[in-house]
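The letters A, B and C name the chains in turn, as written, and every chain counts its residues from 1.
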Amino acid sequence: MRRIRAAAAGAVTVSLLAAVSACGGGSASGGGSGDSPKKLTYWASNQGPSVEADKKILSAEIAKFEKETGIDVELEVVPWSDLLNRILAATTSGQGPDVLNIGNTWSASLQATGALLPWDDANFEKIGGRDRFVESAIASAGAEGKDPAAVPLYSMAYTLYWNKKMFADAGITKPPATWDEMAEIGKKISGDGKWALGAEGSNLSENIHHVFTFGQQHGTNFFTPDGKPDFTSDAAVDAVKSYVDLMAEHKIIAPGNAEYAQNQSLQDFAKNKTAMVMWQNAQTAFASHGMKDDDWGVAPIPVRSGDPGSGTGVNSMVAGINMAVFKNTDNLDGSLKFVKFMTSDAEQKALNTAYGSIPPVKAAQEDRAFDSPALRIVRDTLANSAAPLPQVPAESQFETAVGTAVKELFAEAAAGKPVSKDLVREKLAKAQQQMPQG
Amino acid sequence: MPSAPRSPMAAPRSFVWSRRVFLTLLTVFVAVPVYVMLSSSLKPLQDVSGEFRWLPGDLTLSPYVDIWSTVPLGRYFVNSLIVAGAATVCSVVIAVFAAYAVSRYEFRGKRVFTVTVLSTQMFPGILFLLPLFLLYVNIGNATGVALFGSRGGLILTYLTFSLPFSIWMLIGYFASVPRELDEAALVDGCGPLGALLRVVVPAAVPGIVAVTVYAFMTAWSEVLFASVMTNDTTRTLAVGLQAYSTQNEVYWNQIMAASLVVSVPVVAGFLLLQRYLVAGLTAGAVK
Amino acid sequence: MTATLAPPQGKRAAPGAARTPRRPGRLRRAWLPYLLLVPALALELLVHLVPMVYGLLMSFKELTQFYIRDWTTAPWKGLDNYRVAVDFDTPVGAALLHSFWVTCLFTALSVGLCWLLGTTTAVYLQESFRGRGLLRGLFLIPYALPMYAAVITWTFMFQRDNGLVNHVLVDQLGLFDEPPFWLLGDNSFWALLVVSVWKGWPFAFLIVMAGLQTVPRELYEAAALDGAGRWQQLRRITLPSLSSVNQVLVLVLFLWTFNDFNTPFVLFGKSAPQAADLVSIHIYQASFVTWNFGTGSAMSVLLLLFLLVVTAVYLLITSRGRRSAGA
C-alpha cells in the first residue's frame, strides 16, 4: 500500500514538473536579454506574398550582414494579425526584439510609450545622416517636433488602379483626374452587375486612409494643431460624407462593398466586376488572381482640383513601414549597424524591388528599378502629393473611432438609407467622445 | 458495443420518425459548412470567392501542395500536437486526482477549493493576458525557466484553462460510481489510490474520455494567448492558420485546405475514442 | 453548494468503514486529499489568480500608452476607470451597457440552443441504429475544426454577394428580393448566434452523451414495463439522471459564451457591428486597440463581478432544487 501511495505521490510530482519545465521544448527567443554583442533579434512585418516568402527574401539579405559583421541575426517574420499585440507585450515586459518593423501609422503611439530609441542627430549620424531619407517619410516616423521613433524602411502610396477591359467596354479611354469625372465615368460603367469603384467598407484602416485623404482635400486633418481631436468641423463632415457618397449618392460603389474587409475588392477587380480600386501595391495580388500586367493601368488618385500637389491637392497618405530599435536592447551598437545595413542604398534597392515598394532613401529611389510607369506614379505621389497621417499618440484610437463611424455609414448607405450631413456629424461626434480626454 | 442487446421496449414509430427528421436537419446544418470548406479547398484562388456554386467548376489539388510552402504548416502542426497533447495529459491526470479527493473525502477547505477553482473559469482572458505574460517574463528572469515564448509556458497556461471544468465534470462522474465499489477494493487490500486507479477510473472512462477531448480541444483552438505567447518556432496552428491571410491577399482555398488537413487526424482520434465514450459503466463494470 | 456535487459521505461511508478493520489508517491519511489537490490548486494560483490580482491593480491605474512600459510607476487613478465605464450618459458607458445587454441576450439564446441540440441529439443517439457511429463522428467535426478555420468559413458563407447563405435564401428559395447583409447591421446578431451554436452544440452533445452512459439501463426497462412512454421516460429518468452533469454543463457553457472572444473577433474583425458587439470584444477594443489597459481592466473586473453573482445565484438555486428533488 505504501508503495502505491509513493507511486501516486511520484506521479503527481512528475506531472507537475513536466508541466512546469520538462514539457517546454521551445526555444525562448527573448532578444533584448542576449548579453552577447554578437546577437540580435529582428521582428519583420509581413510584406511579401507570405511569411515564408519573406523569410527567404530577408534571410538572403541578412546573411550578407552576418558575414560582414559577425553578428548573428535571429529573424522572425510576424504576421500582421499578431504584430501589434506582440509589440505591446514586448513593451510592457521589456522582453522583446532588438530591432523591429512597425507600421508607420503606429509611430507616434509607440513613440509615446518611450520604449523605442529616439533617433536624434547622433543616432542618425551612425546610419549615414537624416538627410539621406525623404522628408515626408521621416515625418511619418513620430510626432512633429520630437526626434523620430523610427527610421523609414519601405514607402508606399495609394494610387488608382483601373481595369483596361472594363474601361474599353464602356468606351472610356482615360482614368478620372477629379471626383466629378469619377462620378461621371462611374455612372457610365456602373450597372448590370458592374461597378466603377471598389472599397473595403469594413476595414477600419482602409476607411481611415481614404477619409484622411478626403480630409486633406477639404482642408482638415481631423486634429487641431495642438493635437486635439476635431472630428465634427464642417470640413471633416464634408470629407467623410464625400467618401461615403461614392456609394450613397453617386452609387458607383457596390453596396456589397460595405462588408468587405478581406481584400474582396481586388477579386472583383480581377473578375471585371469593379473597374477601379484605390490601393497601395496591388500588382502581386492581381497576378495571383490571374491578371496580366497589361490588363490594368495606374493613375494618381483623383483630387478635387484635378491637379495633385500639396495642401488640398494631397491624394494619398504616406504609407509604409518603419524600422525601430528597442531602447533597452543589450546590443545597441549592433542594432544601429543593422539599421544602417537595411537602409543602405544597395539593400534599399534589393528589398524594395522585392516588395514592390519605393525606397524612402533618396539615392536608392533614383534607381532604374523604380522607374516603371506604375512605380513612377507612386514615387511622384510620395514626393509631391502625399501627407503623413496625423502623428498623434491617439492615432490608434482615431483609427478605431472614426474608422468605425465610416463603416457604420457605409452600412447605412448599403441598406439604401439616406446619408445626410446630420447623420455624418452625429456619428463623428460619437467618435470624438470616445477619444481619450485631455 | 456494436450489437447492443435487443431492447425489451422497441422504439415506437413516431419516435423513429421524429428522430429521422431531426437528425437529417441537423446533419445538413453541420455538414454544409464542412462541404463548403472541402469544395473551396479544391478551387483555384480566382474561383474561390466568386459567386457561390454548389458544384465547383475547375478542380485543382494545388492548394494542398501550396499550403506547406506558404506557411510552415508542418511545424505549426507539430507544435500544436505537442502543446495540446502535453496540456491534455497533465490536465486530465491532475483533474482525476483532485476530483477523487473531492468526491471521496470530507476535509476542511473543500468548499473553498471547489469554489476557487470554479471561479477561475470565469476570468475573462483579456484581463489576465498581459499580467500573465509579465509574470512569465518575471519567472524567466528570476529562475531562468523560459516560460514566455516557449511551448512549456503555453502548456502550463492551457492546462489550467481546462482544469476547472475537468475537475467539476469528474466530480460528477466519480460521484455516480457507487461507493460500494471502492470500499470493496479497500477491503481487498488496495490503498485509496489503488481503489482510484483500479476501480473508479475504469468505471468513469466515458467521463474521462469526454474530459480528455475537451482539454485537448481547449488547447488546440486557443488563439488569443497563443498569438502573444509564441514566436515563430513555437507558434501553434490556431494562430498559424491566420498567416494565410496576408496584407494584400487572403488565400481562401489554402486556409480551407490547411484546416481540413490538420483536422483529419483530430477527427480520426475522436472517432477512435468514441467507442470508449459509450463503453464504461454500461459495459458491465457495475454489477 | 459543493455538497451537492459530492453527495454526503458520512452516511454511506459508515458501513464501509465499519467493515474495514483499519480505522487508524484512515486517520493517518488525512493529508491525502490535500496532496491530491495541491497540483491543481498551485497551477490555478499561478496562472489565474496571481495575474488576476495584477489585473485588479491595473484597473485602479492610468495605463495608457504613456505608462504601459512600467506599470509600477503608472499613476493611481482610484475609481476613475470604473466611473468612466459605468457612466451610462457618456458614449463609453452607454456603449458598454448596450454591449452588456447584447451579450446577455446572445448568451441566453446560444446556451439554450446548444444545450437543447446537444441533449436532443444525445438522447436520439442513445439507442443504436444504422449509421449511428457515422453521425456521432460527423457531429463532432465542428468541435474538432480549429476555431479560426470554422469561423472564417462562416464569414465566407455569410458574404452578401457571393455567399452560400444568400445564394440559398435569395437565388434558390426566393425569400428576399434584395440580398440581405449578414455581417453588418442587425442581422449580424443572428449570424453570430448561428456560428456560436454551430461551434458549441457538439460540446454539449459530447458531455451529455457521456453522462447518459451512467444511467442504468434497468431503469428504462422497468419504466417501459410500467407503461411509461418515451416522453415520460425522458422526463422521469433521463433528465433527472443528467441533473448533475447539466448543472455544470450549463454553467460552463454560460461562462464561455459570455466571455467568448474568438468567434466575434474572427467573424467581424476589430470592430463588431453594434447589434453583435459582445462584451469581450468591446473590452478588447477598449484595452488593446486603443491602448487603455486601465479602463479595459475596470470593465473586465465589473464583468467578473457580474459573472460571480450570476454563478453564485445559479448554484444556490440549482443546488436547492436538486436537494429537494433528491430528498
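Methods note: contacts are C-beta pairs under 8 Å (C-beta built on N, C-alpha and C of every residue); 3 or more make two chains touch, one makes a residue touch a chain.
No experiment lies behind these values; they were computed from the predicted model shown.
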Furthest chain, CA centroid comparison against subunit C: A
Which two chains share the largest set of C-beta contact pairs: B-C
Geometric centre distance via CA averages, subunit C-subunit A, whole Å: 37
Chain centre separation in whole Å, for subunit C relative to subunit B (CA means): 15
Residues within subunit B bordering two or more other chains: 49-50, 94, 97, 130, 134, 156, 159, 239, 242
Multi-chain contact sites of subunit A, meaning residues that touch two or more partners: 5, 12, 15-16, 19, 85, 88, 92, 94, 262, 264
Per-residue multi-chain contacts in subunit C, two or more chains: 32, 36, 39, 43, 71, 159, 161, 288
In the complex with subunit A, residue positions of subunit C that touch it: 32, 35-36, 38-39, 42-43, 64-66, 68-69, 71, 90-92, 95, 155, 159-161, 179, 181, 183-185, 268-271, 273-274, 285, 288-292
Contacting residues of subunit A [partner subunit C, same complex]: 5, 9, 12, 15-16, 19, 84-85, 88, 91-92, 94, 109-110, 112-115, 202-204, 254-256, 258-259, 261-262, 264, 393, 396-397, 400, 403-404, 407-408, 411, 414-415, 430, 433-434, 436
Subunit B - residues contacting subunit C, complex: 1-4, 7-9, 11-12, 15, 19, 22-23, 26-27, 29-34, 36-37, 40, 49-52, 94-95, 97-98, 100-107, 110-111, 113-128, 130-132, 134-135, 156-157, 159-160, 163-165, 167-169, 171-173, 175-176, 179-180, 183, 186-187, 192, 206-207, 209-210, 213-214, 217, 220-224, 237-239, 241-242, 252, 255-256, 258-259, 262-263, 266-267, 270-271, 274, 277-282, 286
Subunit B partner contacts - residues on subunit A that touch it in the complex: 1-2, 4-5, 7-8, 11-12, 15-16, 18-30, 33, 46-53, 76-82, 85-86, 88-89, 92-95, 262-264, 266-267, 270-271, 281-282, 284-285, 288-290
List of subunit B residues in touch with subunit A within their complex: 44-46, 49-50, 69-72, 79, 82, 86, 89-90, 93-94, 97, 130, 133-134, 137, 140-141, 145-156, 159, 189-191, 193-194, 227-228, 230-234, 239, 242-251
